[in-house]
Every structure is written in structure tokens, then in C-alpha cells.
Amino acid sequence: MTQSACFEDLAVGQTASLGKTITEADILLYSAVSTDTNPVHINEEAARASLFGERIAHGMLSAGLISAVLGTRLPGPGTIYMGQTLRFRAPVKIGATVVATVEVTALNAEKRRATLKTTCTVGEEVVIDGEALVQVPARG
Amino acid sequence: MTQSACFEDLAVGQTASLGKTITEADILLYSAVSTDTNPVHINEEAARASLFGERIAHGMLSAGLISAVLGTRLPGPGTIYMGQTLRFRAPVKIGATVVATVEVTALNAEKRRATLKTTCTVGEEVVIDGEALVQVPARG
Amino acid sequence: MTQSACFEDLAVGQTASLGKTITEADILLYSAVSTDTNPVHINEEAARASLFGERIAHGMLSAGLISAVLGTRLPGPGTIYMGQTLRFRAPVKIGATVVATVEVTALNAEKRRATLKTTCTVGEEVVIDGEALVQVPARG
Amino acid sequence: MTQSACFEDLAVGQTASLGKTITEADILLYSAVSTDTNPVHINEEAARASLFGERIAHGMLSAGLISAVLGTRLPGPGTIYMGQTLRFRAPVKIGATVVATVEVTALNAEKRRATLKTTCTVGEEVVIDGEALVQVPARG
């Protein structure tokens, strides 16, 4: 039903992206799933008094989009997520559209592993960067 | 209203934890928020045919509990999340209770930054490990 | 579009009920809306070690069904909710079907106010009882 | 893992608060959980024609914040919620930030029960007041 990722189809330089607008509903649902009820995410008055000046999205909420690209587009279904590094470089405001992009930067054929550069942007601004390590099944 | 974290209150060796049972509802809401609709999370038939043999939780869903400990307990509200490394070491089944634990391992007083060892466990098994880097406001 | 409640239609002894099965999804969504992430609701291991022996629903979650009967059935849309007393008499387990019942016990025609006995049950067991005070518009 | 409330740590006059901004998403999720689909909460046209002039939050939604303070801060995890009285004194508009505050007003050492004054405010305005009765475990 779903086409699965194959290590043999990967090449250094391949990229894939997806974008999502972060709404009030995302903040609320993510606070439930993560149990992260930090006031900067759910209390407008406290957030206004904070460094950020308004409510912002959970950093890990945006990071989840990286996982979504890896698991649904490149490499795609069947990918085993082994590791991720994340640098949170700028806050994401509610209503912002976050685009997550991954790019294959290295391949280890023996272990069928791929390293990907992972970047989340809002407009021109990088809000998260880092690197993912995945394992991808061999064909058939 | 909310007590904020202060760099001066941190000491190497401090730890904090929180736990959450990962339910069907978490999988559904997290797939909505992250757009990660990988079949291994939401399609029981495809998951049964996969390496995992059943549906599993998104790795990044469990990682969100680390962010929750950092933002609500140690260091707590006011913490600025700068970076996170994650190694996904074992899958999390639906119904499992994930406990996220953070431990202060290094402090940089000049930059008011703390490094914390971050671990997610299910029972005795480590499912995620890694390291967080945060910045914490100075007192008053 | 919606028929509104009228004080003149109320009589002592009238009753109305509604029931709802409390699922995992209710617990998760209510924890988001209320910010109540008490472990007894969301952490199966902690709940097992508690007095209750398993996760239970938030008491206020069940109490919300009382408000629903008042606002949608008796007296119905247009009702102004003025006050409520609640005694939490027994825990509600996940999967239980809670039935909220209201019964008009007193009417104050001058102020167009009604007092209602409010009860939530699971099977034969009363889990919440108390009293509601509402104001209801006069006809036309 | 979670520090539990102890009756011995309570003293008359202690207070705790938490705040939350009530968003569209809260209204939707709370209407789902409570089944309270009263038009004044979910139908902008009907709400405009009502006494309130616009959609308002469910009173019991704001009341849930009281339960959250009791269960997560004061007294905290382990608290058994025995009763609550609520007076709904003013409507809460969508977008308002509700702050729930509890204050210990009486202690019954023999039964390990505490009475707390409970207040929800929006800015300077009291929107709900009332009283909570809880039971708190003795230490160890």
C-alpha cells in the first residue's frame, strides 16, 4: 500500500521538504501530548512579560516536522530513526509557517545508514538546524 | 505567578523526571501536530508487516517529554532551550509509560548555560538518550 | 435556529440526563484544556502506585457533563450558569460511562432563577452530587 | 518521581496560581470532552444575538484551572479532591487569560483535610469564586 524507502535509491544531495502553519490548536494539542505546559506557550500574559514578548511554539513541536519528512518523504516509510541533533536558533511565533528540509549528506552502504542535514525555516530565517542519522532497508 | 528558573539555583548532579503513558490518543494528536503519518504509527496492518511487528510511538513524541521536564521542572519556566542531541535506542509501544529524566552535568556561569544528560526509559530500558543545552536567566 | 429556554416552562420535578463514556482521548484533551497533568490522570505507573490503583478521570471532567445538561437540555440554551456545588464521591475509571442528571428542585419567579439537584453516576454509583443555580430568561 | 503533597507541609495563608489563555482550540476541545455544545460557545451568530454579544468560554472550562492548581501545585500530586463550590460571576471571552489562585484557609489535622479559597480572575475582574475541600496524605 505504501511504497517503502530503499537504501539503494538514496544519493548524496537529494532533498525533501514539508511545511506546516503552527496554529493555536497545535500548541494546545502538543502541550497535551508532551505535558509541556510552560507558560511561555499557553499563557499570553506571562509570555508578554518574557524575553519573547508573546507566546511561542514549543521548539520540539517544530522539530517533529523533521521526523515527518524523514518518515514520509526522504527516505520515507520503513526508515529507522537512529539519532538527531537540534540547535534551536530562533523562536517560532503562533501563526508562522515552518518548513522542514532534509538533505542527504553522507551514506554508509555497509550499514545502510544515511546522514541528513536537517533545517527548519520560517521565511528566510533558520529556526532549527541539525543532523539526522537513519537506517534504511536494502531493496527486497 | 510562576516561579522562574534561576541559574544560581543550579548545581551539577541535580535531577528531575516526569512520566507519561503513551496512548492511542497521543499517537493520533501527535500525528496531526507533526504531520508524521508514517504507517508504522497509524496503520496497524502495515506496522504488523514491518520490522517492529506492531504500531509504535513516534520517537519525537517521547523526546517531547524531555522538553517538558526542562521547561516545567529543571531548570523550569524561563529556561531557553538551545540544543538537544537524541539517540533513539529502542521503539516505544502504545501503552508504554515513558519516564524522561534530566541531570545537570555541566554549568557555564559566564554564559549562564547548563548541559544536562537526558534519558527516556520504559521500565528498565533506555529508549532515548542524549544531551540538552539550555540558557537560564540570572536571578532578578 | 436553536430553541431557547424559558423560565415559564420550568416546573419543580423536571429532570434531564445525558451520558458519555470517558475515553483515553477525553483524558488527554482535558489535560490540555485544564493544564491538569497530575500523574494520576496521565501516568499509568504512578497511578498504579497511588490510592486509586489505576489512572482515573479528572473530577472536573465529569462535572462538565452537568454543565452540558443545563446548557443544552434543561433548562437549555439561553440559561445563565450562576453557581454549582460539587462533592466528588468516587473516582471515575477510564472507560466508564458517566451519566449526568439534573432535577429542578426550586424556582424563584421574581429573579427567574432555578435550583437543580445535580448528580453524576456510573452504573448505580453516585460519583458526584451537588446543586446548580441558574437564571433563565422570561418568554419573549 | 513526582514529589507528592504532604498534609504536614500545608499552612493557612499559602497560595498558588496558574494562568492560561483561553483559545478557540480550548473551546472546541472542551465542547468535545464535555458534550456542552451550547450555541453561546460554538455558534458565533447565535452568540451575537445572545445576552453576551459574542461567544464565551464554558464556565466549567475556567473552573478546571482550579483543579489544575490543586492537583499540580498546592497541595499538589496526591491530593484527593473532595468538593468544590463555584460562583460564576462574569463571562470569559475567547482570548482572555484566566488566572486561577488557591489559598489555604483552614486545616483539619485529624482528617488531613484542607479548605482553600479558589478564585479565577481575568485582569482585575473576578470571574469565578468559591471554595475547595481536599484531603492530603500524611507524610510517609
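What to note about this one:
Letters are used for the chains, namely A, B, C and D, taken in the order the chains are written, and counting of residues starts over at 1 for each.
Simple rule for what comes next: a residue touches a chain if its C-beta (ideal position, glycine included) is under 8 Å from a C-beta of that chain, and two chains touch if they have at least 3 such contacts.
In this text, all values refer to a predicted model and were calculated from it rather than measured experimentally.
At the interface between subunit B and subunit C, two copies of one sequence, fewer than half of the residue numbers in use are shared by both copies. The greater number of contacting C-beta pairs, out of the two interfaces C-D and A-C, is seen for C-D.
The mean-CA centres of subunit B and subunit C are about 35 angstrom from one another, to the nearest whole unit.
We define each chain's centre as the mean of its Cα atoms; on that basis subunit C and subunit D are separated by 15 Å. Here the spacing of subunit A and subunit C, counted between their Cα centres, is 40 Å.
For subunit A, the set of residues touching two or more other chains reads 28-29, 32-33, 35, 37, 39, 42-43, 46.
Contact residues on subunit B toward subunit C in their complex (touch as defined above): 18-21, 23-26, 28-29, 95, 97, 99. Within the complex formed with subunit D, the residues of subunit C that make contact are 1-2, 18, 20, 26, 29-30, 32-40, 43, 46, 50-51, 58-61, 63-68, 71-72, 77-78, 80-88, 130, 137. The touching residues of subunit A, counted against subunit C in their complex, run 28-29, 31-33, 35, 37, 42. Listed in rising order, the residues of subunit C touching subunit B in the complex are 23-25, 27-29, 39, 42-46, 55.
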